[in-house]
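Presented below are the structures under discussion, each in the form of structure tokens.
Note that subunit A is present in both complexes that follow, paired respectively with subunit B and with subunit C.
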Partner chain A sequence: MKSFLARLGESIIVILVVLVLNFFLFRIMPGDPLTGIVDPRFSPEAKQQLAAQWGLDRPMSEQFFVYAREMLSFRFGLSMMSGTPVWDELKNRVPNTVALLLPALILSAALGIATGVHAALHRGSGSERLVMLGGAVSFSFPSFFVQLLLLMCFSYLWPIFPLRGTTSVPPPEGFAALTDYIWHLALPLFSLVILGFGGFALYIRNMMVKAMGEDYILMARARGLPFRRVVWNHAFRGILPPVLTILLLSLPGVVSGAVITETVFSMNGVGRFLLEATNSHDYPAAGAAFFLLALLTVGCNLLADICYVLVDPRVRREGARE
Partner chain B sequence: MKDKLRLLIFVILVYAAFIDAAADGKTSFDVENLSGPKARDLYYVITRDMDAALLAMSTGQLDVLSDIYRPVDVGRIAESGTADLSVASSFHAFFLTFNTRKFPWDQKILRQAASLVVDRGRWVRDLFSGYCEPLTSFLPNISPYAEQTISRQYGAEEARRRMADAGWTWNASGWLVAPDGRELPTTRILCPPSSVAATTTEIATLMAEALMSIGAPAEAYPMDFQTMLARVNVGDFDACTNAWSMSRDPDVLYAFYHSSMDVEGGYNQSGISDAELDNVLHELRYAPDEPSARDASTRAQARLAELMPVIPIYSRYSISAIRNDWNGIFTTDLTNSDNLLTLISMTPKDGGERPIYWNITEEIRTLNPLVSSTAYDWVVLGTVYDTLISTDPYTFEDIPWLAKTWDIEPGERGSVITFTLRPGLRWQDGRPLTAEDFAYTLKLIKDNNVPRFYDSVKDMENIEVSPDGLTIKVYMGNTSYWHLHNIGGMIILPKHIMENVPDWRTWQPTNRPHKADDGTELTELIGTGPFIFRESRTGEYVHMTRNERYMLYDGESAK
Partner chain C sequence: MKNYISPVILAALVALAILGPGAFGLPDGTTAPPYSKPAWLDSSIASKVTIGVKSDISRGHVGASSNLEWDYSPPARVSITGTLDEGRLEWITPERAYLLADSPGELDLDARDIPFKKSLGISPFADMSKSLFPSRGTYKLSLAGGGDVVMTIEGGRWGILGTDHRGRDVTSLFIRGIRISLIVGIAATLIATILGVSLGLLSGYVGGLADSVIMRGVDVLLSIPTLPILMVLSGVWGKGLWNLVFILSIFSWMGTTRTIRAMTLTLRDASWVEGLRALGAKRSYIIFRHLVPEALPLLLANVALGVPGAILAEAGISFLGLSDPRLPSWGRMLHEAHTYGAFTSGAWWTILPAGLGISIICLVFMDIGRKLEELADPRLARAASIEARAEAGK
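Here is the complex of A and B:
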């Protein structure tokens, strides 16, 4: 408990540091929100009016105070580009991102684990070669190419999935709206699973091959334990901590890297919002998006620590001794 | 394949020009001959990926596709046979800008020589398969004020001869030496990276090669676009590539080349400062009437051709496609098919009733017209709000729109503009539109210094509305013919709604319900335009319905 509280304290310090860095890094970046306005009908005087509207003419300390207050209260201020509260902008996008990426991550990991373990247990077989090849292809193909190919095949040549968005236009009502939503997410989800499982499969396969050669596995088998139990309760459990670390720490990267999927499938998600906010120097929007990403990263890190305790008795015992 | 595409484009251009100009003998547009909107529903559908949009168009999920710029897409649409393409010149203009504040680009003769080695025709042919046009004017070719002042003559030999005549020499390595003995430093041509704008990077490379052909060391210098803008903004560059979206009025030249605009945030990026040019640009900006403006514009462009602070390179065509199962498509050789007139006139060829699905490539960020800044937002807002005067699609001259007549005359302190509204105009909620609404809009913008429209109203001093509410006089603090376009091109907001808006900066009209006179549930996004806003789903679509109170709506013809 004590060590958990210490980790929690560290996490809060990290969040506060990120909060401060977020403010200054965006302002150190070349340009500002006005630099991107390249419209000859927008005079320098009009730009000054805009700077005043956005509060950019105020002293830096005042800007920082307003920023910190908005971030810590989770209101996040008003987006410079749209004039709407950033929280409203995020509220529209986060559900789509979560609905797509969370199942994608879970399914990719599940498929990667299943195929990786299978390959490790069937070394030298055709199925191992297939997993290795599939994993390498999945891992190395550019996502936009695979996704466009899927669109071409399953939305155009054999049109069983929609071409764009998360809803039909016009959208159906009632329960049909939910099935319509799932139907729209199916192809992007499928694409992310086939693009994402390869990395897991190759990693798990290598870890399992190593684990299966360990003495404690030999011992377990010598004790006459069923093979299935040896594999899952002993070998796989042994590699579980690093697998959990990879799984949890890949979540923030998946969110920020969702831009391509959101573009190809015209989805309204956080990844693209993050990119557009950064490109346009929309300080409140970009600050909020990066702050949430930092929270997600630190949260996942903390969760990984908790999971360690749950899955690894050695960590539990060390904690108890401390 | 490239030749086939070029031939195709040529045929389309000729066809568009012939059909529109010759078939019905029209040389000008009469708004009274138009009726609509005819379609009951309009969906602006957001499809970000052009490949997905093309597939959607070929399967009938999209009817209108704008902003087509990749030659390969034009070819695919043409081959699919499901849509009609239209091509027109546009107000896009691409320049190479020199920093005239420092050596060596403060040397006029060097800039003139550089202009001679730009092989625009070949670059456009090689890089864009002919889907752009070479630019030899400081205004886009489509502008009624564009003067072809820049020689199309191309040749390093001629450039070198002129340099030699001006006393420039070449050192043993073949690099230029100025008459005062200074050697030229390497010119870095700032440009976006090829991953962002491949053709722009390529043009910067070609330009560097061209400069080296006359002995000026140069290299393309790709960098992050925002960083590039930031450096150009403070004059920290040698040369850079710029693309602009300009307008029909030539007073934009003042913003680009008047010395007073060489300030941070200003657009005189080249830093050109020339008394003669300043005088003629001042005359252009404050011209009392159109003939004086035209004369000043011609002289300004002639002086620019002499000073050559930038090198015009090319202008992009505007290309759109509409599925060929629609009637009522409106194009001219100046306007392609994705315009408001098409939107008003579109009807299915089979005589039935179905929605129009119009593609937008980026999501709508806000529909508050006072803060909205993206072109995509204005695609939607442009169907909701109207202006007093509009532009003839055949000639780019002013035509009546909400205003039936207008006049601009010199007053005691400055221009006085008078607009007389069409009688019987109504807002989409059924209330009558009067000149009071327009006066309120102008005051709201002026009193609050609304940045988006600040430049249009900053010189406005007084407004008078006639007792019958049909005529408005706007008094400006100085004289300029362009005030007519700035004021006449402003949107009009409904006074009865704006009076109740607590803060114009955070106003989200689509989130605030408003009842029409007949009890219909609408939002505060109320204009006089052909379509009424109904619903928006962020990142997905915007749904609009026909405005049956629209000034051009004729129930019978709509059926």
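Here is the complex of A and C:
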């Protein structure tokens, strides 16, 4: 419990840092945030009115508190491009990003564990080569290149998947809407799994090889336990905490990947919203999207911490002693 | 033999980057029709051909003509430039003759110009190169009178790797991309390593408040998705090459700091360091004369292993279109291919070279880094990485 509370405190610190970073990122830049929308021909009064509308005429400290309130209450203020509340534009996009990232993470972890363990048990086999290849792809192939290739193969040369978008235009009704959504999601999801599993698999293989050489595994086998049970209940159980750590450390990268994936596949998610807002110098919108992505990371981190307490008896026992 | 592959590839890439596209006579800027195919790909398409006719009336010439054997599909572009002093300029195809011009003056005709199409009696919406080159056979550009005219026929085949959406030579762009990737990758990693080592030593050897502040900072930075920050920063702080290097380096020192801190912690309590302290050695002397040299081989490996991350990050930012459009980086090439419809033109040559270039350069640095790590000190490297992993998992 204590360690979990410490983690919770750490998460809150991260969110505060993000909040401060987000505020100053957009305010240290040279020039006026209004230059994007103000025409040189505007009268000074009109400029002042616009500045007042976004609260830019107030002192910096007051701006920060207004900004923090807007962020923490999920209102995010008004978009500088459309003039509508940012949250109205963002709220439809959050589920799309989650629907892409969560299955991608779960599937690539599952595939990584399966191939990693298999490769560790069958040294020199085809699955070990697959793990090595997957690792090389994970660490040195740019994600967008792999995705462009997939898009070229499966949407252009052999068009079985859509070239772009989150749904068809116009979107179909009823049950067809779900299949249409999954059909659009399939290729991006597949690309993220291909790109993601190799890293996990490589780590798991290395740890598993070491674990299988330990004395307690020899002991378990000497006791005549079934091999499968030795592998999963003894060896894999033992490396579960570091596996979770690696999963945890990969989260920011996965969220960063959302920006690129959503751009390549022209998906309607938070990542592409951030890119569009950055490109059009719409600071409230870009700030909101960045904040949401950071929040998503921190949230997943916390989730992983809860799992950590569940899988690591040392942490659990420490809690019981409290 | 296998040990030399990566250094040899790296040396070749460095050589290409230093020589630049100019050394191979490769052009800058627009050179051929957009999305021209690689020259070796499809021999039914012509590469660039020019034919000229010249006849000087003051010397008593009455005309000139030149023949062209055409054995290809219709070209992508046809243009005619020069001067016509008097008489008529005709284009004789195996089927019929076209009167290209008959009034004296400067000629600047392009097969895409609507008035030119109309003057030949071709529909403004038709593809004129198909009318001018209806079949395979012998064609003739004939000038009756005086003038100096050049006809340029661009078939849509160019160089080793074709051209991109703006008609730029992809081979030339590819070679210029090496330079950007190498500069960004190495410079950003060097700066990040210097930063990481200083903070790691501070945190590990000095400890106390500095240690907890730095490690908190590392934890926070490691749990924020960096690409969005990099995007916003490159949007805000400008898109130049060095801005990018700076931005990348301030977000990639954390790993080095952790490793160096873990190493310093193990070394700090080693008996020989204790011996140095007992002899009255100053802290700075121990750090710079003993700890840093001890860590140097590992650091070299760390630099090599860090380069792929920086190269991939730069490529990602460029791919999102957030880099300077004048810098021809590989990520930028892929961005333009994605944005300007390379798929629908089937132009794989704008995608594969850049993507494979990034992947190969990353694989090369990873391989060299791993070799250096093994060379450095296998035992120490392993100990430090286990330490760092235990730290991360605490």
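By definition in this document, the second predicted complex is superposed on the first by the 250 of 322 C-alpha atoms of A that agree within 3 Å, B and C clash if a C-alpha of one lies under 4 Å from a C-alpha of the other, contacts with A are read in each partner's own complex, and residues count from 1 in each chain.
In the analysis below, a residue touches a chain if its C-beta (ideal position, glycine included) is under 8 Å from a C-beta of that chain, and two chains touch if they have at least 3 such contacts.
Computed from a prediction, not measured in an experiment: that's the story for all the values here.
Within the superposed three-chain model, A:Leu249 lies in touch with subunit C and out of touch with subunit B [touch as defined at top].
When the shared chain is aligned, subunit B and subunit C each come close enough to touch A:His281. Looking at the shared chain after the overlay, A:Gln49 reaches subunit B, while subunit C stays out of its contact range.
Contact with neither subunit B nor subunit C is seen for A:Ile239 once the two complexes are overlaid on the shared chain. Residue contacts after overlaying the shared chain place A:Val14 against subunit C, while subunit B stays out of touching range.
By the touch criterion defined above, A:Leu105 lies against neither subunit B nor subunit C after alignment on the C-alpha atoms of chain A.
In the overlay built on the shared chain, the residue A:Val264 is in contact with subunit B and with subunit C.
In the superposed model, A:Thr166 lies in contact with subunit B only, and not with subunit C. Touch criterion not met for A:Ala211: it reaches neither subunit B nor subunit C. Overlap of the subunit B and subunit C interfaces on subunit A: residues 29, 148, 151-152, 155-156, 163, 263-264, 279, 281. The residues of subunit C lying in touch with subunit A in their complex are 216, 219-220, 222-229, 231-233, 235-237, 308, 312, 315-316, 319-322, 331, 334, 337-338, 343-344, 346, 348, 351, 354-356, 358-359, 362-363, 366, 389, 392-393. The residues of subunit B lying in touch with subunit A in their complex are 43, 45-49, 51-53, 55-56, 58-59, 61, 224, 226-227, 229-231, 233, 242, 244-247, 252, 255-256, 261, 263-267, 355, 357, 363, 365-366, 368, 371, 373-374, 449-452, 454-455, 458, 505-508, 537-541, 543. Across the interface of their complex, subunit C is touched by residues 10, 13-14, 17-18, 21, 25-26, 28-29, 136, 139-145, 148-149, 151-152, 155-156, 163, 241-242, 245, 249, 251-253, 255-257, 259-260, 263-264, 271, 274-275, 278-279, 281, 286, 289-290, 293-294, 297-298, 301 of subunit A. Those residues of subunit A that touch subunit B in the complex are listed here as 29-32, 34-50, 52-53, 78-79, 81-84, 89, 92-93, 96, 148, 151-152, 155-156, 159, 163-167, 169-171, 262-269, 279, 281.
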